[in-house]
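Structure record follows, encoded as structure tokens.
Read from first to last, the chains carry the letters A, B, C and D; within each, the first residue is number 1.
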Amino acid sequence: MALTSTAVDLATVLAGVALPNPVLTASGCAAAGRELAPYLDPAELGAVVTKSVMLRARSGRATPRMAETPSGMLNSIGLQGPGIEAFLADDLPWLAARGARAVVSIAGGSVAEFAELAGRLAGAPGLALIEANISCPNVASRGQVFACDPAAAADVVAAVTAAADVPVLAKLSPDVTDIVSIARACVAAGAAGLSMVNTLLGMVIDTDSLRPVLAGITGGLSGPAIRPVAVRCVWQVHQALPEVPILGMGGIRSGRDALQFLLAGASAVSVGTAVFHDPSAPARVLRELRADLARLGFTRVSGVVGLAHRDGGR
Amino acid sequence: MALTSTAVDLATVLAGVALPNPVLTASGCAAAGRELAPYLDPAELGAVVTKSVMLRARSGRATPRMAETPSGMLNSIGLQGPGIEAFLADDLPWLAARGARAVVSIAGGSVAEFAELAGRLAGAPGLALIEANISCPNVASRGQVFACDPAAAADVVAAVTAAADVPVLAKLSPDVTDIVSIARACVAAGAAGLSMVNTLLGMVIDTDSLRPVLAGITGGLSGPAIRPVAVRCVWQVHQALPEVPILGMGGIRSGRDALQFLLAGASAVSVGTAVFHDPSAPARVLRELRADLARLGFTRVSGVVGLAHRDGGR
Amino acid sequence: MTPSQVDARLVGNDPAGAYRLLTLHAPAVAGAAEPGQFVALAVGGPDSALLLRRSFALYTADPDQGLIGIVVAEHGAGTAWLVRAPVGTTLDVVGPLGRPFRLPSAPCPAVLVAGGYGSAPMFELGRRLRALGGAVHLVLGAAAAPRLFGLAEATDVADSVTVRTDDGSAGRRGLVTDGLGELIERTRARQVYACGPMAMLQAVAEVSAACGIPAQVAVEESMACGIGVCMTCVLPVVGADGRSRMVRSCAEGPVFDADRVRWKDVGTLPADVLGAEAMGWH
Amino acid sequence: MTPSQVDARLVGNDPAGAYRLLTLHAPAVAGAAEPGQFVALAVGGPDSALLLRRSFALYTADPDQGLIGIVVAEHGAGTAWLVRAPVGTTLDVVGPLGRPFRLPSAPCPAVLVAGGYGSAPMFELGRRLRALGGAVHLVLGAAAAPRLFGLAEATDVADSVTVRTDDGSAGRRGLVTDGLGELIERTRARQVYACGPMAMLQAVAEVSAACGIPAQVAVEESMACGIGVCMTCVLPVVGADGRSRMVRSCAEGPVFDADRVRWKDVGTLPADVLGAEAMGWH
């Protein structure tokens, strides 16, 4: 690799889709991009990953829906959203009009729902990829999460892939004994890539009310606190399946954090909770990543993907 | 419950063993107690949980063995220790001589090793409980961790229980899809109680050397960062198995943190990584917990155990 | 009104009864702010374990000097850090956020009701209402005298000032709603504005409704992002179409029409809220 | 020598070339400290995401005034916070920790070699050696002049001072080991003391060995606890029994006999280290 700091080409290919750069938003942490417009230009990001949308409008859970934790937070939103109809009418066109690429996250309570959502998205403007959020409860198996069972995960991925006209990313949960086995199942079922990781299940108890803080009792842990777990998941899956594209996420707050995920094997990254701390975080992370790559003498993002596995280290 | 703040009786029974109070050290974070003597009196703690000991002396892994992470740290020690012989000769007697209670953590690469360790401990001075650290690799199954498989976990627990002359705690890993199933298996196999949780598997990549920071590549994540995950594990297991005593741990740094674990269902707690930040942490946590219980008007520790599950909340 | 994110210098950190008055140099925010809007501040410094921003209603916004003022009550770790921040500290500020109080199209008498630091937005609101030519009647309440903010300033912005404290340490002992109905009648107020604890807002809403005049209230819900992307800050609100929805208090609020908020259902998931039936397992 | 944990007031934070000299009021530490020992400081304040203490060699320890001094180089987040801590800050200090340099039983000439801030413990050590009646010859090295600590003070504690910098910006261009052998011969030194980067310590060890005199070195390993409970700070050291062990540099060190440290194997797990054969799957 060149040792002189030259211009860095940030173009990335994620699951067969060309992106101008490897920094995306994370589902549920950027809505559908519009609210971030005062702080960054959505079109300048690799893509905007939208909040998981379901078939019907959903109210989400009762409040409190969040609790701050050391270097992290818990959330228990319950996938509040307008439903696919309104999403296609209002949200996607807005992104398309601004020249932003959309990775649309979908969630369902059944394989059929997932499939129908993927079908509804076919031909939608600006749609670059579908991210199947399989970290949600499977009504058929009494609320067991799809992502925690290789077979259930594979069923969803197969159905979504069949119905979709763009490549599909399967979004994995870290709350499993063997994430590689889930990854294998999703890839075998047709996933073009994997998004990792979703939140860790956690809870906080209020020591004054003596009750759980969240109305939903448990919630998803995110933020820098979980970064080491997320990097480990990406590392393990890239080691087992080096050819499988990965969208890495979990506690990314700086360019160096993003670089850790690329070095572990991710082709691109999502910046999630950091947006709550700094609404311009995705744009800043991109700037910092460019500077870090230049400092290290890399001219291409592909040069660092998975590098920590090889002895390219210094 | 009394609303006036009266003297609090901190006496606790953990897995059938009476302890003067519910605050213990955590295995591997207090050695065998001696090094903490300048900062606290080991005899004033509920008990000292000693570093997992194995049959033979172990060198541990190469360095670097640690990396700091947001509100946490990774460690990859590799169970360095003198072996059971030296432990019985030097460490236990020191604790006994000071009137401190010892919870001895044991670790083995096979069921037989675990059993032999438990046997060697029979009749040892000051031995209050055995904690079986089943979060370690099973040589027989190519390094798969005992705690990640109900059957393997049960085998270890059954063998240790049979050979031990004190009650046995099984120490669970949070890195599983369904911690309740592991807990059930351990209890069915004879565990008198459960210690939860051990560290989460994580890793950090050095963005200058472009290689993993730890010589062992991955390591165990601990500290306040993981507290919400640990509280959730205790909550889930207490909900499923309300009669099973739990020693709770994971990121406890204050009396309020300890109280969260008691409210979730733990009968006692271990203070681990916080000792690195504050060597007097276990004694301080005990002081703060006493004050919190008094403030809330509780006169007995048993009054709060699992209370967050009931509508004892305010 | 579009928000921006700025590095603001803390130019003042002064005691104000039980609170601290923080003054920041943030021209972009000062130039765009209107009463009822808020700012979100990052807390704890670069190595802080406190990940989320803290929100504070704007007390003052001076476009000429580029200064904004907020009133901070010490509550937990974040505000504890903030109230101790030395003058000269650079603070990361996002704002102005949320929807402000709406001013009447024609001048009319208004009653402004505030609890504790909830009075912060009321002074600038009062000035603007009087500039429009309407009389302003201010009701300030708190647990005790030190928790009344801006008493000295009150007479400058209001034609009448009523003070209530729970312990009687200032003004009459009682709640801000004691005699509120009479005040509304006597002053022929056509509009009520309120800011303070949820319970107070609900009581004010009821009195206003009983008097048959509209009330605008600024609510305070726990917020993770403050900018409308996270969905943590919602409460059940009835829309123009009569449908109830879980609405973001940071983006659609913090100011709501009091008669639209389903006060008794805040913190619950009413079955008739849009999309509640879809919740099922989730 | 027993360590204690104290809330120490920062009474001085002064520039010292590329470093900051921090002075703390910590009587219990000052009264027990000996050269070569270190202190561990909590960093970042109450809400800090930085969990672990930072270790610093003691530069001064004045039992009469109850003051200790440390020399801090800004490295990452923790030291960045520390060098900016205002005078008056209360710092949580644990110390003195570790084993100090051992003084000779009879007076003898000694050579003290230091790299960068590694000179911190050398001044008090030099004073004590001269008090015993032995000559002290100090060799200070660094990348460049600003990274030499204590040059002005050097002549007070040493009979001769040699300075080396990589860039020649102070003293002779070169490494502290350049001409070290000759210095040892010329001064008839019977003991070498060294503190600095691992590579430098290894080179000093080799020169001393070649000259046939013992060297004591203070190593710097990454430490999680600093008090001997965590086992993160180990390095392979040969024991009196000839067996190599992974030894804690915080408890058995930081000062080691140079000929006992397995320099080439630091950062590895030599197969002949006690218990290495037991590692297997773990």
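One rule holds for everything that comes next: a contact is a pair of C-beta atoms (placed from the backbone, for glycine too) under 8 Å apart; a residue touches a chain by one contact, two chains touch by 3 or more.
Treat the numbers as computed from the prediction; the structure is a model and nothing was measured.
*Asks:* According to the touch definition, list the chains common to the neighbour sets of subunit C and subunit D.
*Replies:* A, B
*Asks:* Compute the centre of every chain as the mean of its C-alpha atoms, then state which one is farthest from the centre of subunit C.
*Replies:* The chain lying farthest from subunit C is D.
*Asks:* Have a look at B-C versus B-D and report the one with more C-beta pairs in contact.
*Replies:* When the contacts at B-D and B-C are counted, B-D has more.
*Asks:* In whole angstrom, what separates the CA-based centres of subunit B and subunit D?
*Replies:* Taking the average C-alpha coordinate of subunit B and of subunit D, the gap between them is 35 Å.
*Asks:* Between subunit A and subunit D, tell me the centre distance in angstrom, where each centre is the average of that chain's C-alpha atoms.
*Replies:* Here the centre of subunit D sits 46 Å away from the centre of subunit A.
*Asks:* Any idea how many Å lie between the Cα centroids of subunit A and subunit B?
*Replies:* Going by mean C-alpha positions, subunit A sits 34 Å from subunit B.
*Asks:* Send over the residues of subunit A in touch with two or more other chains.
*Replies:* Answer for subunit A, listing residues that touch two or more other chains: 70-72, 223-224.
*Asks:* On subunit C, where are the residues touching two or more other chains?
*Replies:* 49-50
*Asks:* If every chain is a node and each touching pair gets an edge, what shape is that graph: line, ring, star, complete or other?
*Replies:* Here the contact pattern is complete, since every chain touches every other one.
*Asks:* Residues of subunit D touching subunit C in their complex?
*Replies:* Listed in rising order, the residues are 43-50, 77-78, 81.
*Asks:* With touch defined as at the start, can you tell me which subunit A residues reach subunit C in the complex?
*Replies:* Within the complex, subunit A touches subunit C at residues 28-31, 35-36, 38-39, 51, 54, 56-66, 68, 70-73, 75, 77-81, 83, 109, 136-139, 142-143, 215, 223-224, 273, 275-280.
*Asks:* Subunit A touches which residues of subunit B in the complex?
*Replies:* So the residues of subunit B touching subunit A come out as 67, 69-72, 74, 148, 175-178, 200-205, 207-212, 217-218, 221, 223-229, 231-232, 235, 251, 256, 259-260, 263-264, 292, 296, 304, 307-308, 312-314.
*Asks:* Which residues of subunit B touch subunit C in the complex?
*Replies:* Within the complex, subunit B contacts subunit C at residues 70-71, 224.
*Asks:* If we count contacts the way the header does, which residues on subunit D are in touch with subunit A in the complex?
*Replies:* Residue list for subunit D touching subunit A: 49.
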